[in-house]
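Take a look at the structures below.
Presented sequentially are two complexes of chain A, the first with chain B as partner and the second with chain C.
Our next item is the complex of A and B:
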């Protein structure tokens, strides 16, 4: 334990910039919620007012991706530097990714069930994006199961990081190869899965962009808070350990 | 090319140990035979479409691989030979030796599974060359992913179902391509042109998995 306690996980205190950031996120998300629920909307035949779900379902998915990329980045940094703070950051980023992924897949399933599949019993439609998020969630789950199976702190950090990076390698297949080979409800599939192809009405466009940015900032806020809490827990545990 | 000699030595060691007892080969062969027989009983006399046949065959192969391939690095821990290997050879040699041995085992497993499946469930094979290519490429991809993950689980206290949990999400892109290709090989319309996309996806997947695992193995193997 002597060598690990030298590698402290305690973070420096926060400056005023972070407080400004939290206030901005809180105001920003409130505004987005108001506009998302009350704003003008293109009332299309099947979608009708459920199109508002676009403002919440898609940004959750972006936050999952951001969370997982942060986790992969800190996994790489951990293997390079062996500093424990990167393990803490990778774990908490994966946690944020999992939470937003579960929310995203739930909103997606409910949305498709009561619009395109009204009157049927189809909940799981095998859409490639749905499969992909499910696979990503399985990877997140496997990541936490692996962490749980290891007692030694340093070994756990290293193996979990190696697994996270190895799993990230399959991402190109899930994002680019599978969506081109399967049928989809999502825009831009069966061809170029690029985001710019979304045919989104002009009055909805700006709320959507604001919401995407807002969700990413919210995810970042939750992530930084979680990292602080975990670092503090580790510091307290080390101080109270029997000598 | 010292690392290549080391890899060959590791492969020869594993192959010799395996041929002495034939434990892994016998166990996997029986596992496959029993599972295909179970599939045959469960399906009964219902007609099976080519995509269904392909899906059943690869589910059997996937489970057999996860049960059988997890032992590559656990046996070294059990015999207490990890330190000797670490002293004798650099990590890439050990990994490549183990990987080639696992590819050989998986290839034998795939061919045996396909043959027993053809015997018992009897799907019509319209493109034998395509089927064999799929089995070979599938063996390489399957072995590349599971060998690296078996090195991870060898370091944990309780391996149990861990290899299945860790490997299934990673194997999904592979499973998608091989099932499409095998389903195609069971259809009368099978052709190399129609198979091109999935074959290249399979080659890309195997290459990516091998590269990533060789690069990451050092961090799993060394303390």
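Our next item is the complex of A and C:
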């Protein structure tokens, strides 16, 4: 295999629009952080100030889902076109998404331990959503184990793509459909609306939407950054291997 | 002065424990004393810090990759 017959992964340099996007994300997230900490909240008993964690804990899961949907899209594209850039994109989207998922479960553990389980030693409370999301994160983690186990680049790209499609397919069920049917600490359990008028102040709604969008944009920025670095890394490796 | 306060709070905790054992469990101890202060605001800080450390982790990893690319570029340039 010579380098000329391989499709290039090198990306064109990013233009001014991308730089504007990064500045927007930076300003946006700073604003969200300020409003998140200082803004008005419902101030319910037990929950108290921890209601603010809505702005930081929940968007982690949105980013996990968006990231894996991006990974699934590029995996599908890889299987259809066999272009290597899709493998690079799928891997980085999956990685960023999984890191956000781990942050989601860690923040959830800390939140519940010091809010609903004070005075106990319960860090892992066996909440159905927590358990199922842990299973989902193991499914996501196996993607990287699979990638690490295969040396052949083409085989790895195809098998990882097929597995990524499976991992993304289980996600809506394990994180959304099944936990909503059981008793849980989370709102929206047992068929309740996830966002009732009763327990959320109207001011909180806007900070929450802004925060969710902000974290999605931040995740996108990190994802594109990592894709560019990985593509450059492959290009440099090939330049040194096939001069 | 500090030890006087400690003695006082121990005395208070013991009194509560004697009068109402179930209320004694509600007195926060150790890490909880810190986390439950000022209406549980430190819990929010803990959550934000966890996310910040996660982002730092990604930043460090990406940084290391760029260093590796630069090193390889420098090595091929000097050939």
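Rule of thumb we're sticking to: the second predicted complex is superposed on the first by the 222 of 243 C-alpha atoms of A that agree within 3 Å, B and C clash if a C-alpha of one lies under 4 Å from a C-alpha of the other, contacts with A are read in each partner's own complex, and residues count from 1 in each chain.
In this section, contacts are C-beta pairs under 8 Å (C-beta built on N, C-alpha and C of every residue); 3 or more make two chains touch, one makes a residue touch a chain.
For clarity, every value in this text was computed on a predicted model and none was experimentally measured.
Trainee: When the two structures are overlaid on chain A, which partner does A:161 contact: first (chain B), second (chain C), both, or neither?
Mentor: first
Trainee: After lining up the shared chain so the two structures overlap, which partner does A:151 touch, if you call chain B first and chain C second: first, second, both or neither?
Mentor: first
Trainee: Just chain B (first), just chain C (second), both, or neither: which does A:236 touch?
Mentor: second
Trainee: Just chain B (first), just chain C (second), both, or neither: which does A:76 touch?
Mentor: In the superposed model, A:76 contacts neither chain B nor chain C.
Trainee: Counting only touches as set out at the top, which of chain B and chain C does A:226 meet: first, second, both, neither?
Mentor: After superposition on chain A, A:226 lies in contact with chain C alone.
Trainee: One more residue to check, A:106. First (chain B), second (chain C), both or neither?
Mentor: In the superposition, A:106 touches chain C alone.
Trainee: From the superposed pair, tell me which chain A residues show up as contacts to chain B and also as contacts to chain C.
Mentor: No residue sits in both footprints.
Trainee: Flag every residue of chain A that touches chain B in the complex, lowest number first.
Mentor: Its residues touching chain B are 79, 131, 135-136, 138-139, 141-142, 145-146, 149-151, 155, 158-159, 161-163, 165-167, 169-170, 172-174, 177-178, 181.
Trainee: State the interface residues of chain B toward chain A in the complex, per the touch definition above.
Mentor: So the residues of chain B touching chain A come out as 148-149, 152-153, 155-158, 162, 165-166, 168-170, 172-173, 176, 180, 197-198, 201, 204-205, 208-209, 212-213, 216, 219-220, 223.
Trainee: State the interface residues of chain A toward chain C in the complex, per the touch definition above.
Mentor: 33, 37, 47-50, 52-53, 56-57, 60, 96, 99-100, 102-103, 106-107, 110-111, 114-115, 118-119, 218, 222, 225-226, 229-230, 232-233, 236-237, 239-240
Trainee: Which positions of chain C touch chain A when the two form their complex?
Mentor: Checking each residue of chain C against chain A gives 25-26, 28, 32, 35-36, 38-41, 43-44, 46-48, 50-51, 54-55, 57-58, 62, 65-66, 68-69, 72-73, 75-76.
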